[in-house]
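In the two complexes that follow, chain A is the common piece, with chain B as its partner first and chain C second.
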Partner chain A sequence: MIHYWRDYQKEIAEDEFFYVRSCIRQNFFPGAENLFIDILRNKLGKKVFEDADHTTCTGIGYHSDIVPIETTMTVIARQFALMKERGYRNLVISCVTSFGLYSEILDLWKHDPALKTKIEGYLSEATGRSFDEPANMVHASDILYKFRYEIAEQAVNRLVNNETGLPLRVVDHIGCHYAKTFPERGIGGSEFPQVLTGLIKAWGGETVDYPERRHCCGFGFRQYILQSSRGYSISHSRTKLESMMPYEPDLIVANCPGCAMFLDRWQYTLEETDGSVYGPGRTKIPVVTHEELAGLVLGYDPWEIGLQTHQVPVEGLLDKIGIRYDPEKKYADRQGKLIGDTVAVTAIV
Partner chain B sequence: MESVSQQIKSDPRYPEACQSCMNCGVCTAICPAAGYYSYDPRMIMNLVTEGDNAMLTEIMSEDVIWYCGQCMSCKPRCPRGNIPGVVIQILRMVSQRNGLFVRSAMGREQLAVKRSIGHNILETGYCIHPTRVNPAMHPEQGPVWAWMSDNADEVYGRFDSNYNREGPGNMRKINRKSLDELDRIFEVTGCKKLWDTIESESEKRIDGRFTKYD
Partner chain C sequence: MMPREKPYIKSNRQEIPAFAGMTSDAQPVTGNRQPVTVRVAVVGGGPAGMAAVGALAAMHIGVDWYEKEDRVGGKLNNYHQLFPDRVPASEAFGQLVKGTYHNHIDRHLGKAITSVGVNAGRISLNGKDHKIGEADAVILATGFDFFDARHKEEFGYGIYKHVITSADLETVFADGDKLLNVNGSAPASVAFVHCVGSRDEQVGVSYCSRLCCITGIKQAIQIRREYRETRVYNFYIDMRAFGRGYEELYREAQENHGVRFIRGRVSEASEDEQGRIRVKAEDTLMSRPIKLTVDWLVLLIGMSPSCSAVLSGKGEREKSFTNAENPLTGSAVKGQPGVFLAGCCAGPMSIPESVASGRSAAVQAAEYLNKKNGNSE
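Right after this comes the complex of A and B.
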């Protein structure tokens, strides 16, 4: 166990990043990862390489127990091999499940070097490739944390209520596999969750500390994947939402794509089920990812970064911050033509 | 053949996951699954540490090992640095390799997980894909997801012109060479063998050859 703030410090590389994408983030927040890359390249002047050859890390399959650890290790070793072949050493991981899994694998190899040798053999036999471990390995939210003040200097918007001048009240939800599997690899771990709080404070908001702040969103891997146990998932999101409700949060920010998706979707389902809503004034609480939060602060158009792909409407939040948006473009393509039939779009609204 | 206890202890994760449990119960106190199911990870750690093959076979034949949600909330709280969530993963793997999973209702669902997430991985290169999260099977995803899924080319194409095409980008098409390498890795590392076991044991179960304690 670790007990002190100093134990949670981690080295975050300055530049030259090899980026691996997330299955869930790409699926449910299709604007978020390109936004992250754009911020790094065009706002912070960093070099980011995205490899077309990388695949899923198998994380959802691994944690729902249909992929053995040796298989997952070899798939991840292949990602390391691609990074080596491209001449990069600093790995940035979009997905929190992946981040936990990459960390687990490096830890297992550290304790059992013969296991690493075995995986080197598997990778060579299956692909002819060889790999080096990353010199530096972080989650994408770590990068935004490191450069939070540089982003604040370029801020177009601040996390402040436009009418009252008061800081927005922000719930930070840190993915379990970022904070709990290897707490010393996450800024503050689960005891002193700082990675998102650092962003919120640097950009003008305040963090809501509520009793179930560290509770899992409820994904549960097989628990959600299978309809028969999906009640597990919604129950845990409900536990969190009920716990944060008295603090009247203006928004939720999550660094894990699954958590962001569930805290968003389950608010819809809970309202459909029994009429429950958890935000102030019988509204739902908008949920954004760390990239999207940075994008709003930096003045990106909400519909260009994909906020229309969230089930909980974000307009209330945009109004509070004072961000202008064109309602006509929300469900439109880049040429302004409505995507899908009018009936379906009307059903969303 | 190794006993189930030996199989559990020979998993490469076991030395880190189960070092010296003192049965304090902190894992159960923090466990989200224990608040939802009748589930007690402390009891599981106790049984695994004791290594009683009959008892281990029994729990690996029951729903109880499938209750964990894999959040790993147990890990930072354990005063001995154990990881009950990883011990559960080991039990689930040994249960499947020995055909015990088909004796419980939740264990039998592994066939559905294999045929959905597993096949997604080898056929698309992703654990999940916009074309494979059917809104009819996921009403909880709401009307926005239905809109995204029904108009995937236009919605995803709005954010990345490389959607479903080869090359880098959001939800790009994973190229054939990468998929072939993934397939070969699954063969060489034993995942295909596991999947064959899941299929064949499930088939036997459908034939009615097993009862709960045979």
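Right after this comes the complex of A and C.
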């Protein structure tokens, strides 16, 4: 344990969570958020509420300079109002972008109370609602961190190579907006964050400390959203992948939906572009989110939790851990009917 | 300072007895044992403290000299050579300690003073939970603490084995150790980072520590002298070579020793698979980001105040140095008659400045006692 990370301890509520989803996560990793709720409710016995009326936080629009900050604040104030109306005080945020934005807004209000009063007025005028700030506000990966040992006790699988008995080598990637803006809001701070390291170690794996560990995944909002800048996005992802390559990682885990998506999708693009493959033995490196990692440890069926929606095939990882799966059901719907087929992709070199 | 593992440093250290100068038989003791009526306490055994006690004794004032360690010399004991003339630190120590062998000086080693209290003209000196002594006046010469480089997390001090501080490097030189790369041979490259814990609002330090620039220059030259093939880089904000001979040394580093100075702050350091340090920085003269892999990264750590805790009695360090009542003209502490500051507890100072400050405080303490006892001349 690094001796000084006590400075970055964080209070995480024990129970009774109000959950807000992520635009990106529910689109690109559609099983992940239901899985998180299921783990909390059925494995850890916690009370979780999600309100069907909650909306985007506007984060992508805000970071693209499309949505003005007062609008963003009013939308977020509305999420707080929904939480208040449902009688909850502990907010759990799925998305790292949202978590950073909620944190930023609370910080702005703290330093400029008149701004908060103005937003209270806007919200009241537009919706007739009022809100309280959350008593406790954390990211979903913080919750898994808090209960990592309880999850370890119920583990069906460990992050250990089934054949060699060695710990899996895991790259942990933390979304920039988790702690780089407000280090004190992240477990372990921004330079040596512990939130995913804690999960990996508790579940039997080891983390890889590679030189570009703290580098951005490449998403960077405008880098990706503006098509003309998209080259910056992929080049940053390549910087990271090249840096981690000598360590031969077995998988990447990311707590930010954008990071998980770009580290996953861009591996395919890079292979298509110049034939580069960054995993050991000319395989690509599987990328999972923190919820999916917990799901695998707890023995959920990989196809039930949506791992077939990943660009990099996860079968190699499942084989390494020794997780059984039915290859035939990879693209089956919930009634067992096949809704697609594995398409053989030949790399264009 | 945290104890540091030095896995790739070839140790050549020989145990030197604690500067035996502190035992009465090592040096002739000077001064008559004539009774003295007033006593001044000096807290701190570094250069300012040594200068102050010597000056007080020469003025026939009795001195109780307190030092928290078991020997005097302070940080000088861990230094190798002093800039700009590369005088061995042991030589400077010898010159300073000579003046402290005097019958009017009683040494109290291993005594940490944590607070002082002024009451009816007498000053009490207290340890953690008991009174240690009394005096008619006190000179605080508690020096400075090195900035704890772990607070600048992005450099990985305490995490990466090949990230060290300027204080660590000075100990390496002083001990005659070798700075080797991971393979046990001479390092191919070493980088220095200036202003670690100085001029950095992020860690709550707004002031300049003044001496780190010249320390970086001196240590860079030392590395180039020891390892002619080693490339040495200094990342700086701007160079503040203010003292006698400093600017000349800066020029010498570039012209005679090939030290490369890069204007730009390092944004992060990380370890590669061989244990070398990868540095990301911006060269602000070239307007380009740069990446560099070096065998060692040396953080030029700043100076932190150390005597505010003694004055407040709260045991908590403050982030600013203690100001004298009239800092331009004197070293008396406001509201605490008879308490004077000497050396780096009043602000970052070089050794000659600390020595001058110590002697000056001694004169001011003597003037204070003269006035107090009605001996104004």
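One rule holds for everything that comes next: the second predicted complex is superposed on the first by the 335 of 349 C-alpha atoms of A that agree within 3 Å, B and C clash if a C-alpha of one lies under 4 Å from a C-alpha of the other, contacts with A are read in each partner's own complex, and residues count from 1 in each chain.
The rule is short, and it goes like this: a contact is a pair of C-beta atoms (placed from the backbone, for glycine too) under 8 Å apart; a residue touches a chain by one contact, two chains touch by 3 or more.
Since the model is a prediction, treat every value here as computed from it, not as a measurement.
**Student:** One more residue to check, A:Gly189. First (chain B), second (chain C), both or neither?
**Tutor:** Once the two structures are laid over each other on A, A:Gly189 reaches both partners.
**Student:** Check whether A:Met137 is in contact with chain B, with chain C, with both or with neither, and answer first, second, both or neither.
**Tutor:** Neither partner.
**Student:** For A:Val171, decide between first (touching chain B), second (touching chain C), both and neither.
**Tutor:** neither
**Student:** Between chain B (first) and chain C (second), which, if any, makes contact with A:Gln227: first, second, both or neither?
**Tutor:** The first partner, chain B, only.
**Student:** Please determine whether it is chain B or chain C that touches the greater number of chain A residues.
**Tutor:** Residues of chain A touched, chain B against chain C: more for B.
**Student:** After the superposition on A, what does A:Tyr247 contact: first (chain B), second (chain C), both or neither?
**Tutor:** second
**Student:** Could you say whether A:Tyr122 touches chain B, chain C, both of them, or neither, answering first, second, both or neither?
**Tutor:** A:Tyr122 sits against chain B, while chain C stays out of touch.
**Student:** From the superposed pair, tell me which chain A residues show up as contacts to chain B and also as contacts to chain C.
**Tutor:** In chain A, positions 189-191, 214 sit in both the chain B and chain C interfaces.
**Student:** Please give the residue numbers of chain B that touch chain A in the complex, ascending.
**Tutor:** 11-13, 15-16, 32-33, 35-37, 66, 69-73, 75-76, 78-79, 81, 89, 92-93, 96, 106, 109-110, 112-114, 116-118, 121, 125-130, 133, 137, 140-148, 150-151, 154-160, 163, 166-172, 174-175, 177-179, 181-182, 184-191, 194-195, 198
**Student:** Help me check something: in the complex, which residues belonging to chain C touch chain A?
**Tutor:** Touching chain A from chain C are residues 150, 153-154, 156, 158-159, 268, 270-273, 278.
**Student:** So in the complex, which bits of chain A are touching chain C?
**Tutor:** Against chain C, the touching part of chain A is residues 2-4, 189-192, 209-214, 246-247.
**Student:** Show me the residue ranges of chain A that touch chain B in the complex, using the header's touch definition.
**Tutor:** These residues of chain A touch chain B: 1, 21, 23-24, 26-28, 30-31, 33-34, 50-56, 58-61, 63-71, 73-75, 78, 100, 107-108, 111-112, 115, 122-123, 125-127, 176-177, 179-181, 183, 189-191, 214-216, 218-223, 225-232, 234-236, 239, 265-266, 268-269, 306, 308-311, 331, 333-334, 339-340, 344-345, 347-348.
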